[in-house]
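Below: one structure in C-alpha cells.
Chain naming follows the written order as A, B, C, D, E and F, and within any one chain the residues start at number 1.
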C-alpha cells in the first residue's frame, strides 16, 4: 500500500485504547509499530520509538479518556517524538476527543478548553487530525490543520434499522441533543420528541422535566453523542417510563461512563444500551444489556484513504 | 475618563452602521474620531485617519452587513491603519458578525468561513473583539484574542415582560433555535414549543413542518438570533396561524433582512416584529409593525468598562 | 502528467475571470474542476467542491477585479475549503493582484493594504502564489511563501517588434512608470521619454505636465503596468499630441478599465491600445482599437512546470 | 501597591501547592483571588474565576507535582481563562517545573518534553514565567517570553553557613550535578568531590560507584537540584559512609520525593535533609531529619518587583 | 518625562554609530544606558546590560553599517537581551537600514534580504522600528510591527533653500532615483532632469549615459537616497560636466561611502557633497567639500514623542 | 538516488568550509550545485543560484566560523533564496554551530543567543537542521523543526582505541566538560579525572586549578567539545605536566582555534592534538602534532539517509 507522497504507513497506539488500535491495524493488515510509553516514579511520561519513522506517514491513536490528562500528554509527547524523528506527515487520531463540552463561554470567566486542546495538538506537531462525532461541529473550526471528523451515525442507524422496531420515536435527552436527534429520527424516518429540563421557580438547584412531543405507547431511542455520568439519559428514561412508553433504548457514540454511570444505567429501565468502542470499556462496566459496535474497520478504511490520498467523503456517499 | 494603561479612548466608525456608532459615542459623551474611508473608481478602499492614534485605546465599529465583503475589508484595512499608526490597543467592534452560519463542516468540501474571518481580524491587527449574539457561542473559540460577546437577550426579554402578554409560548422557529428559545422561555417563565422542518420522503426538495409542543390558543413569540431572508420565521408564522394561535410576535437580535425578507414579513401574520439596531435598517425596510430597540447605550457602557479595565460581566449580574 | 510529490493537478476557477481559467485549462489539456461558488441572499459566499482534492496539487485562479472585495473573499474562502479538504499543495493564482498601489505609507495614518492582502492569502491556507506584473516588485517580499511573478513583458514586446514601427520612442506616462518604461525601451532598443506631472504653484489641485526627452515627430508607446481610470495615460496622449508626435500606442498588462476609462480611451488619440486578458474585459469596454493578448498559454505552461517541479525561470532564458 | 502599567495585582493558586501560594500572598499582604477549580466525574477540569481580572496583573501559582498532568492542565486552563477574561498581563508561576530532565535527545526517537511544555504554556496565554532552579539553565531558552528563574541557592547556602560545619566537602551525587555542586562548594569555600556512576563491563544493568576527590573524615553535603526517587542520593550516602566520611547532609531545592524516596531516605545515613517548599510535602513524607526552608517570601518579593517594574536581579546583588 | 504606559525611557547604543546615539541622548537631556557589548576571540558577541530595563521603554540605536553583519547581529542580540530582561516596550532604531536594495526579485533565484532582515528583527523581540529614508517605502510593508520612517528630506531641502542657488536643476543620478528626485525638485520648485544608463548593443558590460531634460548652464544637485561606492553619482557628475553645467552638488541622506567612494568623490567635480550622519563617517572619509547635517535632534524629538504617545506626523505638518 | 517525496538532492556550499562540502559531495558521488555568493563593496551579501531548485531536496552546508556573522548571514540568505525558489525541502547543515556557549542566562541581563540563532534559521526558511556535537544537547530543544545532531564521538574514540595507549586517563578540562569526558572515558573503559578551576579568595580575577581524581604517571587525553582559544586546555596541560603525567593528548570535535590558540597549542606539552574538519583549518594553524579526522563521509551518509527517508540512528546502532 504505497502513498504517492510519503513513506510507509506507521500506526502507533498510545495507551488509552489499545484494543481499538489493534482492530484498526488488523483491518489494515498491518501491525502497530513498537514504542516504549510509560511513566517514571515521578509520573513523567517517557516515550521511545523502537524504530525510525523518518519520512513515514504516522498515525498516533489515542482516545482522551481516563486518566484524561495523562492520556492527553501521552498524545502530545508522542507527537513531539515523531516530529523530532522526522516523520513525513503526522495525524493525531482521537476516537474520543475530551473537553468537547467546554467549547464556549456560556458564563463569564471560564475557559474554552477545547480550543486550547486544539492549539496544543497543533503546537506539538500534528499535521492533521482524525476524530469521531465531536460534541459540536464547530470544534473542527478550532483547528486550522485539516480535520477528518467521522461519524458513527450510519453504524448506529443501520443497527436500529436491523431491529425493525415499531411505533418508534427518537427522543432527545435534552434540548442540546435536539438537532442530532432530529437527524437520527429523520434517518430512521420516525417522529422526534424532546425532553426539556428547566430550573424550577423556587430555587436554581432542582429541575423539572417535560417532554415536548408524543411518546405514549411508543418504543423510544434516547439519543446523544456521549453517555458520561448517564444522569441526563437515565433520568430521561425514568421520566419516559412514567409517561407510559414501551421499550427504551439508549444510543450514543461515546461510552464515557464516568461514575456513577454504571450504577445509574443498571438501575434504569433500558431494554438495550447501544454504543461504540471509541472509549475502551472495562469489563466491570459491560452490563448485560450493553451492545458495543466497533468503529475499528471504519477508522481503518479512513486511514487507508488518507494515506493513499483518496476521498474519504465518498465512503459516506457524500 | 482615563485608562490606567492606554492613552485616550478613540472611537472610529467604518461605514456600515454609522447611526449606531454615533449613538455609542453619544452615550460615552465623546465624538467619533475623523477618518477618510472611501472607494476609488477601481473599488479599492482608501483609509486615512484625520489625526494620530499613537498609544490610544482604539475601537473600530463596523457591522458586517451588506455590502458584506466591502464592509469586512473596510474593517480589516482600518485595523491595519491604526496598527501601523501605533495604536496602544485595538478592539474590533462588530455588532453584527457575518458568516456565523458557516461555522462547521456539516457536509464535506465546504469551508469554515467564520474561523477564517477570525484569523483575518487577528492578522489585521486586532487585539480584542467586542461583538453581539454570535450565531454559535463556539465562534468565540475561533479567536485566541479575548472576545467580549454581549447579548441583547435582557433588552428583548425586558421588552416582552413589559407587554404582560398572557398564555404566552416561545416557539423555536426550527430545531437549531431550540436552545436559545428555551433560554428565552425560561427567562419569561413560559412554555416552549419547537417547529421541526423535515425533508419529505418523496424527494429532498420539499419539506414538511411539524410543531412539537402545545401552542393552540396561545400568544406566541417566535425567537431566533437573526432574521435573514425571514423564510423560516414567516413560514413558521403561517403554519402556527393554521394551528390556531392568537397573536404572533417575531423576536431576534439581528435584523439582516436580506431579500425577500421585507415582502415576506409584510405578508406574514405578525402582530409585531422586535429587533435591535446592530444592523442599520434602511427606511424602506422599516415596516409599521417593526420595533427597533437600540443597543447603543449597552455597547457604550461595555466600551467604557473595557477602556477603564472594569468588569463587563457584572453589568449582567454575572 | 505526474508530479513527483503530489496527487493530480486540480485547477479551479473562482468567478472573476473564468474565460482565462478555461484557456489555461485548455492549454494544459485538462478541465476545470467543478465547484459551487455563489452568494446567498445575505451576500455570504458559499463554496462546495464537487469532488475531493485530497493530496491533489490545487491551483485556484482568481483575478482581484470588480467586484473586488467579493472576489478577494471568494479566493480566500476557496483556499480555506481546499485546505480543510486536505489538498496536498495549494497555489493561489492571481493574474491581477489588487491594492498594488497601496504598498507603502507615502503619508502618515494610511494602511499598507497589499501587505495585509498577502497575510490574508497566507492565513487562508495558500502554500504559494502565482501572479503577473505586480505594481511593485517588493510586493513579493510581502509574502514569505514562494511567489512566482510572471511578466507579460515579452508578450507585449514581441507584439510591438512585429509591428516594425519607425522613429519609435517609449514614453513613461508618469515618473512612477519611468523604470519599467526604460526596460521596455531598452528591449525595443529605442529612446525613452518621461512625462512629469507637477503640482502648480498657485494651488495643489491643478497639475502641469512636462515631457522630459525628445518625442517630436516620433511614434510613441505610452507604457505602464496597468490602465485603471486611464486618466494618466489619456492626458499624456493629449499632451503628446500637442507636442507633435505621430501615432500613439498605449501598452499595459492589466486592463482594469475603471470608469471613466472607456470614455476617456474612446476620446483619446490612440492608434491602438494593447493589453492582456489578466482582467476579464466585458464586451462594452472592448473598443475597436483595443488589442487583447492572451496570457492563458503562458500561465498554463508555468502551472505545468510548477506541478512537475521544473524550472520556471528557464522559460524566460533566465 | 500600584504598577505603572497594569491594573491590580491578582494572585491565583491552582491546587498543587496552596500552602506556598498562601505564604506568598501573606508576604505581599494580600489575599489569593477566588476561583472554582475542580474536576467533573469525567476528570475534565472546570475553572471559573469568582471575579473579573480585566486589565489586572495576574500571577497563577502552580507547581507541576503529582498528579503531574492534571496539575499541568490546570495551569494551562487557568491561563486560558484569565486570557479570555482580558487580563492585562499573565505570569505563570511554577515553583517546580516538571519534565526538566527531558530537555535533550540523549538517544534517538525520544521527545524534548520540556520544550513542548514551554510551547504549551506560551500557547495557553502566558506572557511571562517565574520559576525556580530549573534542572538546566537552557530551559529558559525553550521560551521566547521572558523567564525569571530564581534560585534557592542563597537560602540553602546561608543555612549551611549558619551551621559552621568543619572539614566540609560538597559532593556531587553524580557527574550531572558536578557544575552546580562546584558552585555550591565555591560559595561555601570548601572542596568539591564527585561521585561517578559507571556501567560495569559485564553488562549494562549494574553500575559501579567511584568517588573522585577527597572525602575521608570530612562532613559532606550531597548536593543536587532535586530529590526525586532519592536513588542517586541515597546510594551516594551509603557509598560515602563506607569511605569513612563523618556526617552526611542532603541538600536540594525540590523535594519531589517520588516513591520509594521516603523509604530510601529513612534508611540512608543522613544527619539532615535540607530542602525547600517548592513542592508541597505531605505529612507522611516529613521525616524527623527533614528541614524545609520556605521560598514564599522570596517569591513574594520577586512578584512585587515584577508587578512594580523593579529590578529582580538587584535582590541578588547582581 | 513620563510615558502613560511604560516605565522610564531607556536609550542604548550598539557600537555602529555611538556619536549619533550620544547626540540623540543629549537632545533628550538624558544619558545612554550602560551595556557591555564586545566580541570574544571567536568573534561571538557578548552583551550584558549594566542595569535592569524591566518595564522600561527601550530604544536600541544601531546603524547597519560596516562591519554590516556584526552590527546586525549586535542589534539582534541586544533586542533578545532586553526582551529577556522584561523590557516594557522595545524599539529598534536603525538610522541606516542595510540591504535596502535587495528588496525584490529582479531576477530569478535571488533572495529578498530586506524582508529577511525585517523578520529577524521581529523574531529577536522588537515591538517597533524607527528608521530613516528607506531605499523603498515598501520595506515598511515587510514589517507587521509599526515602523516610523523619518525623512531627512526637509533637513536637506532647507539647507539648499538657504544657499539661494540660481538656475538650479535637480538631476536623478539614474532612473531608479527619478521619483525621489522629482519630489526634491518640486520642493525646491526647480526643474528635473534624469540620467539614463543603458547597456550598449555590442555587449552587456559597457553602458552609455544619456541625460533626459535640460541641464546646460545650470547649477545641478544630483540627488539619491544613499551614496554607496559613489559610482553612479560620480560618473553622473563627470558626464554632466561635459554637458556644460555650472556647479554640481551631491545630496543624499546616507553616506555609506564604500570603497572606492572616497577616491571617486575626491576626483569628481563636486562643489559640495551634502549628507547626514545616519552613518558614522570616519575622519579619513571627511573630504573638505563634505557637509554633514546631523539627524540627532530630529531622532531625539521623534523618540520623545513615541515615548510620550504623541503624534510624530505633526512634526512634519502631516 | 531517488527520494520518495522530493525532487533531486541539491547540495550547496556557502563559503565557510568548502573543502568539507566537497568531501561530502564526493562521498555522495555528486557535485555541489553552483551559486554566486559574494559581498558587494558595502559588504552586503549577494546570492544567486546558477540553476533552479524547484521541488529539490536542498542541503546548504555552512559552518558558523570566522568571519562568524558574515557566515551566519550567508546561511540565512541562502535559505531565503532557495525557499523563494520553491525548494521542496530545505536542510541547514551546520557542521559547527556558533554561540553554543550562549545557551542560558548564567547571569542577569544577558541574551540566549543560541536560541535566537535557532529562531533566525527557522524564520529564514529551513525545514530541518543537520549539525554536529552541539555544546549542549538542549540546543536541539531551541528548535521545533527536526534536528539531526551527529557526533564525532565514535570517530575520535576509534582513533584512540587504535593507538592502544596504556595507563590511560581521560581528563575533563573543566567541570563543564565532566559529563562528556565521562562518556568518553567509559567508551575507552579508562578512569576519569576532572580539573576544577576556582576563583581565589583574594579576588575574582585569578583562578586556582585543582585536579580531582588520579592522573600521576598516566597517559592522559584532555577532552572537550571544542578548542576555542585553547586557554582551558593548555593550562590544563601545563598543570597536569606538573603533576607528573606522561603523554598528553588533546581531543575535541571542533577546532575553532581563535587567537591565541595556535601560539598556546604550540607552547603546550601536547603529544598530539586530535580534531575533526567541521571547521576549515587554515594551513598556518596546522601544527605538526595536529591530526585532523574528516567528518565528510559521515555527513555524506547522513545526508543520503535523510534524502532517502532512511533511519539515521541505525548508523550508530541506535
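Basically, a residue touches a chain if its C-beta (ideal position, glycine included) is under 8 Å from a C-beta of that chain, and two chains touch if they have at least 3 such contacts.
Note that the coordinates shown come from a computational prediction; the quantities given were computed from them, not determined experimentally.
Engineer: Expressed in steps between touching chains, what is the minimal separation of chain C and chain D?
Structural biologist: 2
Engineer: Could you work out how many touching-chain steps separate chain B from chain C at minimum?
Structural biologist: Minimum step count, chain B to chain C: 1.
Engineer: Measuring centre to centre with CA averages, how many angstrom lie between chain D and chain F?
Structural biologist: About 33 Å separates the centre of chain D from that of chain F.
Engineer: What whole-number Å value describes the gap between the mean CA coordinates of chain E and chain F?
Structural biologist: 38
Engineer: How many angstrom lie between the CA centroids of chain A and chain C, rounded to a whole number?
Structural biologist: Comparing mean C-alpha positions, chain C is 50 Å from chain A.
Engineer: Tell me, which residues of chain F touch at least two other chains?
Structural biologist: 5, 51-52, 84-85, 105, 107-109, 112, 115, 119, 140, 144, 312-313
Engineer: Connecting every touching chain pair, does the picture come out as line, ring, star, complete or other?
Structural biologist: Drawn as a graph, the chains match no named shape, so other.
Engineer: So which chains end up touching which?
Structural biologist: A-B, A-C, A-D, A-F, B-C, B-D, B-E, C-E, C-F, D-E, D-F, E-F
Engineer: Which residues of chain A touch chain B in their complex?
Structural biologist: Per the stated touch rule, the residues are 103-109, 112, 114-115, 119, 136-142, 144, 149, 175-176, 178-179, 182, 186, 189, 191-194, 196, 198-199, 201, 210, 212-213, 312-313, 316, 318.
Engineer: Contact residues on chain D for chain A in the complex?
Structural biologist: Result: residues 40-53, 66-70, 72-73, 76-78, 80-81, 84-85, 98-99, 101-102, 105, 107-113, 115-116, 119-120, 123-124, 228-229, 256, 258-260 of chain D touch chain A.
Engineer: In the complex, go through chain C and note every residue touching chain A.
Structural biologist: 5-7, 51-52, 54-56, 83-86, 88, 125
Engineer: Would you mind writing out the residues of chain F in touch with chain A in their complex?
Structural biologist: On the chain F side, the touching residues are 4-5, 128, 140, 144, 146-148, 305-306, 309-314.
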